[in-house]
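Order as written gives the chain letters A, B and C; numbering starts at 1 within each chain.
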Amino acid sequence: MAIQAVSAQEPGLGRAPSPRRHWPAGLILSCAIVLGVVAAGLTAPWLTANSPLDQDLLQLNKAPGGDFPLGTDHLGRDVFARLLYGARSTLGISLAGTAIAFAIGAGAGLLALTFGRWPAAVLFALIDLVRALPGTLLALLLIVGLGSGPGPLTLALGISFAPLVAYVTRATYRREAARDYVQAAASFCGGRLHILQRHILPNIAGALVTQAAIILPRCIVTESVLSFLGVGSSPDAPTWGRMIADSSRFVERAPHAILVPLVALVLLTLALSTIGNHLRRSLDPVRDAADRTAEDADDDQPAERARPQLATA
Amino acid sequence: MRPLLDIADLDIVIAGRRVVRDLSLTIAPGETLALIGESGSGKSMTASAVMGLLPPGARIADHARLRFDGALLKPEDDAAMRPLRGRAMAMVFQDPMSCLNPFMTVAGQIDEALQRLGTAAAARQRHGRLLELLALVELPDPEAIAGRYPHELSGGQQQRVMLAMALAAKPRLLIADEPTSALDATVQADILALLKNLQRTLGNALLFITHDLAAAAELAHRIVVMQAGRVVERGPTAAILDDPREDYTRKLVSTRQMLATPPQASPVARVTLPKPAEPVLRIEGLVHDYPARRLFGRPFRSLNGVSLTIAPGETLGILGESGSGKSTLARLAIGLAPAAAGEISLFGTPIVGLARLDRNLRRRCQIIFQNPYGALNPRLTIEAAMREPLELLGLSGPDDRARIEAALSDVALGPEHLARYPHQLSGGQRQRVCIARALLSEPELLICDEIVSALDATVQMHVIAMLKALQARRGFAMMFVGHDIEIVRWVSDRIAVMHRGRIVEQGPAATIVEAPAESYTQRLMAAMPRRPEMTKLIIDSEALPNGAASLENH
Amino acid sequence: MARIVAVLASLLRGLLQAAFIVMLTFFLCRVMPGDVVDVLGLEGGLTVEQQVEMRRSLGLDQSLPRQFADWAGQALHGDFGRSIRFDRPVGEMLATALPVTAKLAALSFCFGIGLALLLAIAATARPSRWLDATIDFVNTWSIAVPTFCAGVAAILVFSIWLGWLPVIGGLLVPVLVIGVDNAGQVVKSLREELREAVMLPHVRTARAKGLSPWRIAFAHVLPAAMPIVLALSGLVLGGLVAGSLTMEVLFALPGLGSLTLNAIHGRDYPIILAAVTLIAVALVAINTIVDMLHRLVDPRLA
């Protein structure tokens, strides 16, 4: 491994301090895709006259064209209508799932952390117990117990992502709570809630928003996997994942019925994760960038900077 | 005689900024050259350039010429530098803990250095040489040390191992980059003595990089002073210390002078205060444990029966090395951490066992922290940060803004700083904001936890001079926690020396520093670098304590 | 001593985790709407009396804790009961399914981690735009493309349009799909970790000693990056389980995943429980081993 190559070629320590004003093309495209999907979901009834549920047994596996701009599937349902209505349920279920994950993971996590050692210890011991189970499997088991349908599905998605959110919350909370300004606020008689909302929340909000942007596409993917396994969304509110799953056995006869939702799903998750990555880069490291501008001249670390932390360890 | 190292017109650029400019220097064989500067002065970059170890992104300008024993160096060509490193030249770094490979034993790491010398020596011979090296750096029981992992050694031992590793090849040039700054005072003195000794016996040239003038004076034949990437002054050690020409050097030297003359003579308001019998802070038999980090681990006792009192208007210095428990004491003293046993009474009110202190108590005592980078919320403007104590302590009124401005002007900051964010201020400015904020509630007790340790020497002086002046005006009592003997002495009326969670000795500042009774204190004081030349220089120091304004922009 | 205590503590935690997961599964299985008797009743037209009799013989009329205690007691003796639908011993069914899944998972794991290590090390040794773009692509792929979509696409392209591979059977496509997915999940963190490991002070010391780049890489950089490699391989396991589940269904592989899923649809509790128990124990065992390896690699933790 040629270490020297790294030192010679990588761009350096101090990143350019000027904030980039122009938006990269990938980000603009991603935003356009997400907005398009949202718009499609909202305006579905006006964009197509066909129902996503009506079966036409005379029109099975039709190629795109004519009355059906994107063809029909193995039950003769209009793929275009299903795509539009599917946008609605895909986004709806995933957003609700993410919201539940945050309500449980971040909400309960923050409250427990704010109110002392024991509530947090108990909560995280509980979370630790389910941690060994992969999210998809946990969601699967939860749906087994809760029954299928949009409600249980959303709840199962939320619960299966909650541990991840809780860990991120705890890590960022602890990083902030150890800061001197939190101690200083305590020394001004600042209560736990004051410290939480004035100092901790604003400083971890970036990390949490970023996390949400990362979890949303993963929710969409997990939902589609569950649909594929036959325990996902209900037949009357089809998601894209369900469409792919339903058509996967007829891939030979009606490739369009599977390709359309597949491409839509991949584009949406790609767009969302691109936005998530941009958020992470621009929101999360605010402090680090700030610290760096002050410190980046310090090639020689002043002697004592590292020491007194040890003093309290 | 041909110089061993000859640097001409060295320019180093990082991300478009020149961190070293037109630097030229030479080192003769067997000579010790000290490169002095504060953080960011480019001194470490210079050393890294000589070794070819510049961080990614740093570039050396084409016109620079570095010669080692007459041969041209190509610092940016790793393959060309590799044969020189660890043979003709070797380097010791600042923080030995992180500079040793945690996954390898001491023997393994030194053996690596021996192996590459190319001598096809047998393993047995190398082992003999290894023990010899460990003995050379005055490590007791080399056989035992050789088998240990770095984390099983103390900081001083780690640095000795680093030295042994560097000396494995009998290098002609040894570069020591702040080799003592991460160590405790007593250990610092030992390592400096060792460096001096080794250089005398081995006859290698030494490029000694430091921010500490006293350490440089101890070791160096010649001194080069750097500031903001440039050489500002150079010359023989005695000449630099006795007769600094440049402003900046004079400032550095006079900083030391100021420390040598504590402001005892300054008229202090405390005399006029009515003396109530009651101390502002009384601590009796205080014990504190850090909880065990693992399920069945043992808790770490950080304070073990500490007792002290602080009278109104008095300054008590808490002096101790890292890990002595002094910062924990500071936090406990104002109820920011719970005590395991003992009594603390603030203004006569016992606070141990209190879930939280009431506003009245909180108003009367304030704390300032060590790290000015962490003490201000990066998302709040200075004004918002300063409003916080007023609002929380119920002192808010219509004249808030005026009071905040007045407080800022007390620490020589103008109102234009109010709208700024912490990252727009320098370290010294942030620390002054913290002082102003702590003083807003007009406390009667101010706890200063290592408040200047993270700052450069000249800025340190400015901050403590300002603090002392404010104390003279307002008459608050102070607990001044620190590890720098001279600074603690300069600030304090009395000093308590802490060691491993106990107070080993306390008494008047002058007595503790000049005539310590306990053996630990004696060792600590002996480690303080005190040069005859330094004390000789206490002549022209009137400029400093009051002349803080001249340092305004730090 | 401290080492033994630490190992015991992590074992204990692992056992607790496994027990909790099994208990959770048991109760979720029992509260799920419609039990096996209902399903069989619908299919086979059982009378109400027959249904009651069947419930009693299966012990379904007893209290939940009691049922769990009975089941757990037998399971501890290695007896996972008989499948209700197939009337075969569950242990036997698992034994035939396990090798399929184990082979799939092991191959995918090796391929995935190997690919990730290769990309990350290459990108650290010779940084290039091209390699970084590849890493980004693989990473985004694993985030955005569910494994079954990749599987479906592979079938569509290779079997149907190009006619290269048989649609069903053969582990090649499933292993590739899961492996790329796994690699994508870890490759970015691995790259970051190596980038930072190269800048560590002790690596600088090694360079100052004049060691060769290879020696530096293997003796100084890799050990420092080892903990994260271990932690990440623990993370990969989750993706592995989900991946095998979908791939087995899509490619009709008779593994644990197919077995479990069929059992879920048929409400065949003994199989669900036994399969989840097996998966949970395997995951916990692997996590515990990773934890111990971590301690072994880093002398500071011992």
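In this section, a contact is a pair of C-beta atoms (placed from the backbone, for glycine too) under 8 Å apart; a residue touches a chain by one contact, two chains touch by 3 or more.
Just so we're clear, the structure is a prediction, and the values are computed from it rather than from any experiment.
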More contacts between chains, A-C or B-C: A-C
Longest centre-to-centre distance from subunit B, chain (CA-based): C
Chain centre separation (subunit A, subunit B; CA means) in Å: 44
Centroid spacing, where centroids are CA-atom means, of subunit B and subunit C in whole angstrom: 50
Separation of mean Cα positions, subunit C and subunit A [Å, integer]: 21
For subunit B, residues that touch 2 or more chains besides their own: 55-56, 78, 95
Subunit C: positions in contact with at least two other chains: 207, 213
Two or more partner chains touched - positions in subunit A: 2-4, 6, 9-10
Sites on subunit A touched by subunit B in the complex: 2-4, 6-16, 179-181, 183-190, 194, 198-199, 202-203, 286-287, 290-291, 293-295, 297-308, 310-313
Subunit C partner contacts - residues on subunit B that touch it in the complex: 51, 53, 55-56, 78, 82-87, 90-91, 93, 95, 98-104, 112-113, 116, 149, 151, 162, 165-166, 294-296
Residues of subunit A touching subunit C in the complex: 1-6, 9-10, 128-137, 140-142, 144-147, 217-218, 221, 224-225, 228-231, 241, 244-245, 248, 251-252, 255, 258-259, 262, 265-266, 269-270, 273-274
Residues of subunit C that touch subunit A when the two form their complex: 13-14, 16-18, 20-21, 24-25, 27-29, 31-33, 121, 124-127, 140, 143-149, 152-153, 155-156, 160, 195, 198, 203, 207, 213-214, 216-217, 221, 237-239, 241-242, 245-246, 249-250, 261, 264-265, 272, 276, 279-280, 283-284, 287
Residues of subunit B defined as touching subunit A within the complex: 14-15, 17, 19, 37-45, 54-58, 76-79, 94-95, 177-178, 181-182, 209, 211-212, 290, 302, 320, 322-328, 331, 334, 336, 356-359, 362-363, 366-367, 369-371, 373-379, 385, 388-389, 392-393, 421-423, 425-427, 434, 437, 441, 449-450, 453-456, 483-484
